[in-house]
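Naming follows writing order (A, B, C and D), and every chain is counted from residue 1.
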Amino acid sequence: MIDMLEKLKEEVFQANLDLVKYNLVIFTWGNVSAIDREKGLVVIKPSGVSYDNMKASDMVVIDLDGNIVEGNLKPSSDTPTHLELYKNFKEIGGVVHTHSTYATAWAQAGMDIPIVGTTQADYFYGDILCTRDMTPQEIETAYEKETGTVIIDRFKGINPVHVPGVIVKNHGPFTWGKDAHDAVHNSVVVEQVAKMAFIAKSINPNMTMNNHLTEKHFNRKHGANAYYGQ
Amino acid sequence: MIDMLEKLKEEVFQANLDLVKYNLVIFTWGNVSAIDREKGLVVIKPSGVSYDNMKASDMVVIDLDGNIVEGNLKPSSDTPTHLELYKNFKEIGGVVHTHSTYATAWAQAGMDIPIVGTTQADYFYGDILCTRDMTPQEIETAYEKETGTVIIDRFKGINPVHVPGVIVKNHGPFTWGKDAHDAVHNSVVVEQVAKMAFIAKSINPNMTMNNHLTEKHFNRKHGANAYYGQ
Amino acid sequence: MIDMLEKLKEEVFQANLDLVKYNLVIFTWGNVSAIDREKGLVVIKPSGVSYDNMKASDMVVIDLDGNIVEGNLKPSSDTPTHLELYKNFKEIGGVVHTHSTYATAWAQAGMDIPIVGTTQADYFYGDILCTRDMTPQEIETAYEKETGTVIIDRFKGINPVHVPGVIVKNHGPFTWGKDAHDAVHNSVVVEQVAKMAFIAKSINPNMTMNNHLTEKHFNRKHGANAYYGQ
Amino acid sequence: MIDMLEKLKEEVFQANLDLVKYNLVIFTWGNVSAIDREKGLVVIKPSGVSYDNMKASDMVVIDLDGNIVEGNLKPSSDTPTHLELYKNFKEIGGVVHTHSTYATAWAQAGMDIPIVGTTQADYFYGDILCTRDMTPQEIETAYEKETGTVIIDRFKGINPVHVPGVIVKNHGPFTWGKDAHDAVHNSVVVEQVAKMAFIAKSINPNMTMNNHLTEKHFNRKHGANAYYGQ
């Protein structure tokens, strides 16, 4: 059974290196995972391993309860957050967490990244939401799992496939996608739109965008009659 | 007939790669085209092809009505905007569209990039204008063509050769020039002056520039007695 | 005796080069030192030597009174500040000084870098403090030594191991750690959190962070039951 | 006679390439010159030549009246400004002009770069001054020469060796030094302090620095008893 995850481990390994390539991480401040839905197993970056020395075989295999199924290293300490996302967002196949500069700054500001451009609308059907403050109890008990909880709370009534990312207040962005590669792609998008929204807000704090533009851009790429980038 | 466009395809291909070289694009978020005015044919980047894998032979040849004349790939989804520009701005030979960071931020802010420096005046005879909001109907019908329409509207009474670029509200910059290379050059200029104007506005929201400086800088480079950079 | 410091000289040399690698210095605007606590000797970068030409053997060995024990070059002019830190913060093994862009800007602003994110809390148990203005007398007499004095003053009642860095008003950051490598690591952290706090403050001047988050992040990494990045 | 300028041409050529190395220029937006005071001859970058293709032998030799003494290319169009500086600031040996991002933004804002950090004080004895608006007549007649005039005007009562640079309103920085290399060094400093002052001003618009710090930092490097970086 384990051998069949070699491909997924390679994908997760490459996706973790892509965080470095796209300047989304410093040191070990990021992690990527992916899930094999049939087997119910998740492959995730090990904890505290430098990107320089990491190998595909270092990836850790866990089940959805967090039990280590394969691997000699500890899984990323953010693992319980990844697992909450996989358990609640059934359509997603990969998850990324970073402390990328501009997205993290919006998280520190405690504000949603407003949708004011078509770049964001090409990927996100609306604002990139910021979670609420965590309660002292959530922080002091199962902190990383509860980080998942506040994300799930924020998505009540929202399709996570239409809004493939979130910023956790005072912490940083989580993104997801159909696989690890797609989730990294979305983390690049979040960082870039976070940067552009910061600059735009500095230029004009009262900026707005017509909803019709959001509809058009999102649907021409993701709708039933998608024709963009196909 | 087609063979005679090989040179133009090579130029358009190189100009697209230059967008990467000058850090104006992420992923496939940009496109360059050029026109052969005699033949009435346009060469443009294909849709959704990664810059890493792109070849000169992937460039798509279309006529001014958007019919594919040569090429196995779909032309960029922004093609109808390029065609509107070629049809209305008779002197231009190349068009570039990007979502470059600072120019796009001004587009999201919905504001003209004010002319406050000689760097801008060396290339633009005044502000870099932002288009109006598109109507719901413009967005929902022929969106990409109508994106061209709002640009044309904005240039009523303005010579597009004197102001070789625009920012489309909530979207991003389009630039043009005598050929693909020149249009890319102008897209680099727009991004740089957008960045400097953002910083300058943060330092002094009431900044101004004497009109005489605009006249002087534009004319010493583009006027009848040009002597700058010759 | 001297031979036994070769390893420390190599470490300090590499740590100085890391300042360049992490984009923390321009020209010679930075210096790293480390201490051998048993011998009471400090190894520090020489003054005014370009990073391009520097060799491990150029590192200068001094005692805690600043007397040169080995080396043909003058020690960094910031040496007296390093020595004050080693004499007063007994647990530290390495010190770094840079004029890195964002941390220096906070120093020029004369403000503490507020703790508004978990990135900072992973390394700093609270704000990164800014020192008070130096008195004319402090400036005009033993300026570099007194720069150490204002740092020591600011840490009254604060454990320097819990807050491994400071910004000196109108000057720039000093960081420390268990060795030279760790001190450089902390100088990278200070620069990155300085950048994110600047952006976050621009987005929302009233941003705040729950103290419980600081406790949690600092303790899961540095507390008795640390489990993060282990 | 001409052969004796080969060394100076090589120096000016290398200094021009350093503008690219230090990210101070885009395209051909910068120029460096140096003077041989004994011969009264100036070596300067040619006009409109790409840095990629430039050779040391392309440097143009002119006299202080702007007559070409050697060289097949036109001297930089900013040459008359360089000449005014050499004629009025007798101690300087090299001049640099760029449109570097942050320094140019301060020029566009029309404001002096305030001295709020020791980084600036290490090189500049006070603010980096912004020139006044040029009159329509100054712009329309000998524009580039008059650009020199407004700089000279601004330095009435100020020693240009103590303040080795200026920002020309709505245009960009000029710096100078004892030779071409030193002038480039100062242009790097101006850009970096311009960036830090912009960030610091955004964080705290009311920032200040004690004059004693300026005195100390400038004098420990440039005064009679200089000991910094020696």
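In this text, contacts are C-beta pairs under 8 Å (C-beta built on N, C-alpha and C of every residue); 3 or more make two chains touch, one makes a residue touch a chain.
All of these numbers come straight from a predicted model, not from anything done at the bench.
Taken over every residue number at the interface, the positions common to chain C and chain D amount to under half, indicating a different-residue contact. The angle of the rotation carrying chain A onto chain B, fitted on C-alpha atoms and rounded to the nearest 5, is 90°.
In this assembly, the chain whose C-alpha centre lies farthest from chain B is C. The geometric centre of chain C is 33 Å away from that of chain D, both derived from CA atoms. Our note on geometry: chain B versus chain C, Cα centroid distance of 47 Å, whole angstroms. Residues of chain B in contact with at least two other chains: 201-202. Pairwise, the chains that touch each other are A-B, A-C, B-D, C-D. Within the complex formed with chain C, the residues of chain A that make contact are 26-29, 47-48, 74, 77, 99, 101-102, 104-111, 133-134, 136, 139-140, 143, 170-172, 198, 201-202. Against chain B, the residues of chain A that register as touching in their complex are 116-119, 185, 188, 192, 195-197, 199-204, 207-210, 212-213, 215-216, 220, 227-230.
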